[in-house]
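To keep things simple, chains are lettered A, B, C and D as they appear, and every chain counts its residues starting from 1.
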Amino acid sequence: MTTGKTVLGGCLAALVLVGGSIGVLSAQNGAQSDAAQLDELVLANHILTMNGVLDAYGHVSVRSARNPNHYFLARHLPAGVVTRADIMEYDLDSKPVNGDASGGYTERYIHGEIYRARPDVMAIVHCHPADLVAFSVSGVPLRPLIHTAGFLSDPVPVFEIRKAGGMTDMLIRNPALGRALAETLGNKPVILLRGHGAVVTGNTLHVAVGRAYFTVVNARVQQQAMQMGGKVTYLEPEEARKSGTQDGFERAWTLWKQEAEGK
Amino acid sequence: MTTGKTVLGGCLAALVLVGGSIGVLSAQNGAQSDAAQLDELVLANHILTMNGVLDAYGHVSVRSARNPNHYFLARHLPAGVVTRADIMEYDLDSKPVNGDASGGYTERYIHGEIYRARPDVMAIVHCHPADLVAFSVSGVPLRPLIHTAGFLSDPVPVFEIRKAGGMTDMLIRNPALGRALAETLGNKPVILLRGHGAVVTGNTLHVAVGRAYFTVVNARVQQQAMQMGGKVTYLEPEEARKSGTQDGFERAWTLWKQEAEGK
Amino acid sequence: MTTGKTVLGGCLAALVLVGGSIGVLSAQNGAQSDAAQLDELVLANHILTMNGVLDAYGHVSVRSARNPNHYFLARHLPAGVVTRADIMEYDLDSKPVNGDASGGYTERYIHGEIYRARPDVMAIVHCHPADLVAFSVSGVPLRPLIHTAGFLSDPVPVFEIRKAGGMTDMLIRNPALGRALAETLGNKPVILLRGHGAVVTGNTLHVAVGRAYFTVVNARVQQQAMQMGGKVTYLEPEEARKSGTQDGFERAWTLWKQEAEGK
Amino acid sequence: MTTGKTVLGGCLAALVLVGGSIGVLSAQNGAQSDAAQLDELVLANHILTMNGVLDAYGHVSVRSARNPNHYFLARHLPAGVVTRADIMEYDLDSKPVNGDASGGYTERYIHGEIYRARPDVMAIVHCHPADLVAFSVSGVPLRPLIHTAGFLSDPVPVFEIRKAGGMTDMLIRNPALGRALAETLGNKPVILLRGHGAVVTGNTLHVAVGRAYFTVVNARVQQQAMQMGGKVTYLEPEEARKSGTQDGFERAWTLWKQEAEGK
């Protein structure tokens, strides 16, 4: 769990990468209109709610395919009720491109600061499932254990907001806390927030959604395995690395899309 | 867990506050008709059932916005089937304003005596979720652990009915037991009843419903965290105090309302 | 857990009681046609399935109100799909009154032998919920802990089929095993079957259904409470006795009926 | 857990049996058209998804009744969305009879190699339920404990892919890994895959589906029982053998079919 990279270092890395991966992604997604991206984001909101990953207070965002310095995120509504008309466009300072910020999620800085620090990240989920909150306060590390969660770092870092903000209301309610979170995240895909929840990133929206789902499954399996009292066998780093790519969770998305739209 | 305040002391405090907070609340809600308040109460019954907080035997009440010495509570039906025609109006002695008490919940004294002792309380949930009953008998304190349950006192008090009533059928079936419960509750928002369930209060109906829901989530997370065998990090008192206000659970209510009405 | 009463003793007690309680019950239910009783039994099948008490293999029966030496039980179908046309009438030897036994549940002797030994029993549920099977193999006694399960004996007896039948296929597939089960049950309301499930009795169909449901809840709460590692406070015998009568689970039946019929 | 039989030995045994049991099965099923078999397979996909046995990534196959050297398996879709048009026919090398393999599940070799090694096996489920994955990494053996899971070997073998393939992406993505898995399975009905899931076989499709379901139930009950801290009583080998045949899970299939088709 080394998170020693400074925010500046992260930004430099970002700039270097912008010329690479972002350009490639823009080329790939060039033909995709905002509309298509927003429809997918609405679906992601509903899928994550349907699967119990998001409750009334979590949120999911996607980086704009048109402008990598912007991202899309719903106004402060429960994910389960979000429609396309509720999606707002933000810059990396988490200021809404059109209109004021009063209708936005308090914690939108999670999204803006991670997008700034991590140009490889194209989508972000912030969630509070019990299985992950339990790990965040347990003093026991969450570790990659199942083949569909090989993407997890070993261990998954935990953000202790007291270090960055002292005694707070636990929320990432300003840019400084967002930057501190992004710094602890470093180059990892997932981070736990002590007593609060988790943040899951991906290089596509489907990947972020799939990772959020299987991070919860991994947490549940790890808790069950630990309670049996034997010696638990975790993924070896090479196994985790090899299994971490999977299929971009495209097969899962196919199922979830049908289930969410059929409701 | 100090509950040393006498019932008399609680009543005196109530009288003092009546001139203050109650007056303010009446002014705020003056325009709200009984009808609107009853519709919300019916919805609260359905939301709490849908979310597994209320089973066939729990109940939820709201203090009358028109008359702070009255409260509304369904007749003795499962919360999930309650309609507006089933709501009764009670005075603080838990006597129905119109008609006899034969159709009322046995435990209506929970509501009447807490409303009497706590003028700040505008809504009350009495529930029996397994996660809370487990804590009530465990000898292990329920403590605020997650950022959406910062309202919990540390620890949550437990009402041992044997102290007040000896060997009973476990029910709060008379005013004396209701007063003893209110006394143990003191100025706290939530109390567990040993081998029985919990009582959750709020200064609005939405707050009482949201607190009931997240008290259960906190209990589940705490159980999971404790079972992992490490050192659990609870909310610091200042964190709990700061995070305890939240948004009045208005965002959650938006989701639950849509889900409950869509069923 | 004393089950020293012989089968003969149980039968004698039954004969003595037949002249009393059965007569009273017949008088009370005299006006109730078979049709009404069968409709309720079908509903009980569906409610127990909906609530996860019955899986594809459990069953529920009711003693005939017209003839206390007969009982009603579905043919060998999953409870969730049973209709009124599927109900068969059996005598206390578990022989179908009309037609052959080939379409009956293998374990119908559970019902026949308990009805024979226990004239106070008017309805019987045989079920396999995981929470109860876990207790049946755990060596840890299931005990009354929650106020809606005060009817449980302390502890709940466990039927070890090896004592009565040696190495079997675990099923109560003949009258002798049924009698051995009834003997271990004695005058108690609920019994666990090791590695298999439970049998729950009641003096009405609603009571048997409600008891089955809350026996499962009690088991879940007890497991949770034990895992927290503190000293668990169980119901005192007097508390259990006083709370055990409840409301005949009529309020719960109201909810479950609406939920089952609305599906 | 002896898995010392060589693959060659397994193949020889298969050849010997082909002249016997397969012939018998073909005769029994001769009148069954592919269409009927495919309809059942689609239903099995949906039932296993509905019951939480299959997630987006598991699969279920059936040996062709017309040609015992062929099997049917969906193309790489989530089981929950599979229709008859999605079913492909494979030979025992897991090559599609008509068309290329690009649309097939990566892990189809699980099916082909087990069908090759085990002529008694007519259907195979590959699944990843949390309760089974937890056992696969726990170092604690899964053992037959409940009367509906007497078919389990004691203990259930665990496939450690590192022994056969070193550091992999955890998937059975080639014939050699499929053969190694089949060898560890030996003549047993169920095997766990470390950090991954399970494979369940049956001599009919209904049996494979029912066994998959009740293997999960057994795992859950065993975890619960172990956590209570007493001495757990498992099925004796004779009990397991006698109860293992059951009813071919036909009663459960009746329920699941109605539930799956009613959705």
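Note that in this section a contact is a pair of C-beta atoms (placed from the backbone, for glycine too) under 8 Å apart; a residue touches a chain by one contact, two chains touch by 3 or more.
These numbers were taken from a predicted model, which means no experiment stands behind them.
Annotation, subunit A versus subunit D: rotation angle of 90 degrees from the Cα superposition, expressed as a multiple of 5.
The distance from the centre of subunit A to the centre of subunit B, each centre being the mean of the chain's C-alpha atoms, comes to 35 Å. Subunit B and subunit D have CA centres that are 49 Å apart.
Of all residues in subunit C, those that touch two or more other chains are 227. Taken chain by chain, the contacts form a single closed ring in which each chain touches exactly two others. Put simply, subunit A touches subunit D in their complex at residues 145-148, 150, 217, 220-221, 224-225, 227-236, 238-239, 242-243, 245, 251-252, 254-256, 258-259. Of all residues in subunit B, only 49, 55-57, 76-78, 80-81, 128, 130-131, 133-135, 137-140, 162, 167-171, 194-196, 223, 226-227 touch subunit C in the complex they form.
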